[in-house]
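As written, the chain order gives the labels A, B and C, with residue 1 at the start of each chain.
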């Protein structure tokens, strides 16, 4: 009994920290539809500020006020005002990418500001390691005591506010329907900003409370806290606060019990404790009420204009040809310089870029074409890499092993996709994230899989007499893989599967109504995407010649999504640009001091923040902008008096001046000029503007 | 919020509580209103009629600020409210009961009333809830029940009870009879008459023509996003006749 | 009517305490053209949702060609030959009208496969392109065939949905308020298309519509729903003469 208690009691403070953050997650999710993964970063920032302030001799209360009551809420308010209030009517990807970007960017910035020096966490009220009393002969430390008491008090106060205060009433109303709340005279935007401030306060508090439990203040610990909180929120179906609370504390306790009772020294005991929340998350997501059904639908949602899917504008022939020629030239030069001019390490960098492009291609297919979010692509890549490694160890030819790696990753993808079918949008992302965490914490550690931190060696392949051992030869091989796979993805995009995916992205109901098996199609997209990621991972392994679990850490999955989304998720070209850019930037930043080692992630994360405005990706946006200019110029050069006045077959609006809102003309035209679309067709009906209906009224 | 500065009291037509001039509105590329002009005199009940898809709901939404007018002006109680956010228009005394579900399903009956009373009238006047509950006995009995568990008729009553709790200057009702049985519709219209008797002007969107016309002083006939006729009920009779199907059986 | 094309028996659907459909039993024969009218909120769209499987009814059954289909998912019922347009548009944003029809032809024929796509065999065949062009001509959308649907007017968007539902062609076409937002020319197109379907292609058409002139021009039989119940079902003339119908639907005693 006392053994049981000695395992159980230390779990409670963990559970309390999870609970604080989980309550914040649920509150913001309900109030603004944003699943704010950046709370993990906010918790980290508060913990850092708190420990630095104490280190500098501040009194505890002052450090607490600045770290928890000021910094984190201010950060949350800034996020809501500057980013997330514009995403209310947007799709799940637009809500997710900025949050992911912040999750990566905020710790990176913090690290740059305060350096990487290890900082000892500091306790709040009581001495953290001092034992104040014994409970059934189990010592209770100050840390455990203060965390529990503070959490109970804060959560109780929170429940009271939500239940009976005016603010709580307004919040619950805004959660259900911001429009209807406005009709009742409630300022919905202020109320949802208040929800962000309160949730951020909870996240900051969780960070400060949790900090003393680890030996250093490291951002990864707070990401783990975040995922545990997500699992707790899933137990409460992302809606019920009491269930969330119970789930969180239960999680904390269960983790400690597992650590205590599982045989020590095994992978299960060391890996399952950190991976446990993900197992719970997966179960809760699959077995519980789905996120979609938990959402009470806003009866006034039809007031918002319909959300448009992204579509690349059609271009004038001259511009399209020029653009294609330019791209071909750029690619050709890149290939040529890689092989002839650049020093060896850059040869390696470009090869890495090609291999990463293949992995990123899997995101283009799944997210860009299929509209599904995966936060676990690195795990599929890892599965491919380790499969190739294991097969190579059993003397399977490496090229064959690379292809088989794709097959195994595909199978894994199908297994993950099946439970994801019931879920929509963000929930699929969370489920794949939990898979990725399980993979990096447990699966990849086994000798028969990734062999832990030691990893595996994967030789360079040979094909008959041809050896790809040299970097130049391997570059060619990777390029062939990329060309074949990118070509296949393009063909799929134009073929039945791609068109059905496009239809599904546009309207799930409409797709089912024309006879598309939506579930099958989703599984196919997941499977093919995982196969591509697996092949990319295997190539990566062969390029590096030795890989370990650290190469496929779950955090890479998050970075991958941010990178591809930032550059351009909707086109095959976007994946390749993202891969090459990422590899080159990685090489450039690797020479900087360790303090700036996160600069790379930071660059992409900051770019991702622009995602709220340019969901087609910044590079894709810039390209559209340049091509718009080029079209203008071309039209100007082509004898304007004769042809400029709306020549047939020319997009009549796209040559006009740049819009004030900063969108390229072709993008703006879609919204402002009905009938004159980016498809380049000029409608010959002026009376077509005369529509006579409320298009979305019910009846 | 440019309108925030122009809080000066009524200028122009004092008799009009609500006045729309040349209002155009659209949902994305779909245009719904094409220069709608009409007014609601203080103290009157105005019926807004028209076939389905004529833009009646859009008029209601533009008036309450849920949908922004692209062109034209809307004046309410002497203020130019064209650019005002919905909450501000609501606080100025314009209540809008949207079609379909128009109560907070996840709040209790009492909380629905308290929310409106607090947001619109600051501290809830002590008599506010009593006034609402004494009028709607069946709501009083369910005061701690979640509004989502009410029947359609009770939900409609609750949305009207909000207006009784805190008296408003104008009530815009969208499809008061939506999905309700005839007996309940009668009750709803009795309630509307009662609300009017307390001094609240009415703008009623409705497809039960006889019911709405019999309780209105004036009517606005909307056809394809434009006003086809406006005036007293007798004035617009010919336009309304044209709304009825031209089937021999119907015009007989 | 020995074997109806579609038959519902005792169809009931509740949302909370609100009954959207109560005990709706209807039969539609092959090639028949039927109008469904009723006040807003009478349950017309809910009826379509239950027939196609978008909603699961709380009670009752749906038989299509004599076979129980009420447990089948939407796409299976669609492949059996039920086409539908939506009152709230469910178009594939980002795609053009032509692409709408091409992807629908593929989905309905079941000829597409991933391996064909990867080998470059997934592009539309000349036959499919011709069919799509014919349908676009039929509904008068040829001039905007390659513009993204977001740029189309509401009326033309509805015609895209109509054309999409006609691919196949289906045996039963459910049209949910097809005329709302159409201008006069588009409306004339709609009337001619709907009118010809039953006669020439043996497609049964069930149309929910508020425009009674249009209904009168297209259908022979009228079903009236009010508060989730069928209150009248019969020839157009007789149903429109019914005072109960007139009171429920228009609220007039005239």
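What to note about this one:
Going forward, a contact is a pair of C-beta atoms (placed from the backbone, for glycine too) under 8 Å apart; a residue touches a chain by one contact, two chains touch by 3 or more.
Computed from a prediction, not measured in an experiment: that's the story for all the values here.
A centroid comparison over C-alpha atoms places A as the chain most distant from chain B. Closest to the protein's overall CA centre, chain by chain, comes A. Inter-chain contacts peak for the pair A-C.
For the pair chain B and chain C, the distance between mean C-alpha positions equals 32 Å. Chain A and chain B, compared by their mean Cα positions, are separated by 44 Å. Centre-to-centre separation between chain A and chain C, using Cα means, comes to 39 Å. Shown for chain A are the residues that touch two or more other chains, namely 302, 306, 308, 674, 689-693, 695-696, 698-699. Residues of chain C found to touch two or more other chains are 40-41, 150-154, 177, 180-181, 210. Residues of chain B found to touch two or more other chains are 28-30, 52-53, 99-100. Chain C meets chain B in the complex at residues 16-18, 20, 39-43, 150-154, 177, 180-181, 210-213, 216, 227, 237, 240-241, 246-248, 250-254.
By the touch rule above, chain B contacts chain C in their complex via residues 28-30, 51-53, 99-100, 148-152, 175, 177-182, 206-212, 244-247, 249-250. Touching chain B in their complex are the following residues of chain A: 166, 169-170, 172-173, 175-177, 179-188, 296, 299-300, 302-303, 305-306, 308, 671, 674, 689-699. Within the complex formed with chain A, the chain B residues making contact are 27-32, 34, 52-58, 61, 64-67, 85-87, 90-91, 95-96, 98-102, 104-107, 111, 114-116, 118-120, 162, 223-225.
Note for the complex: chain A touches chain C at residues 302, 306-311, 488, 491-492, 494-500, 502-503, 505-507, 509-518, 524, 528, 670, 673-681, 683-685, 687-693, 695-696, 698-699.
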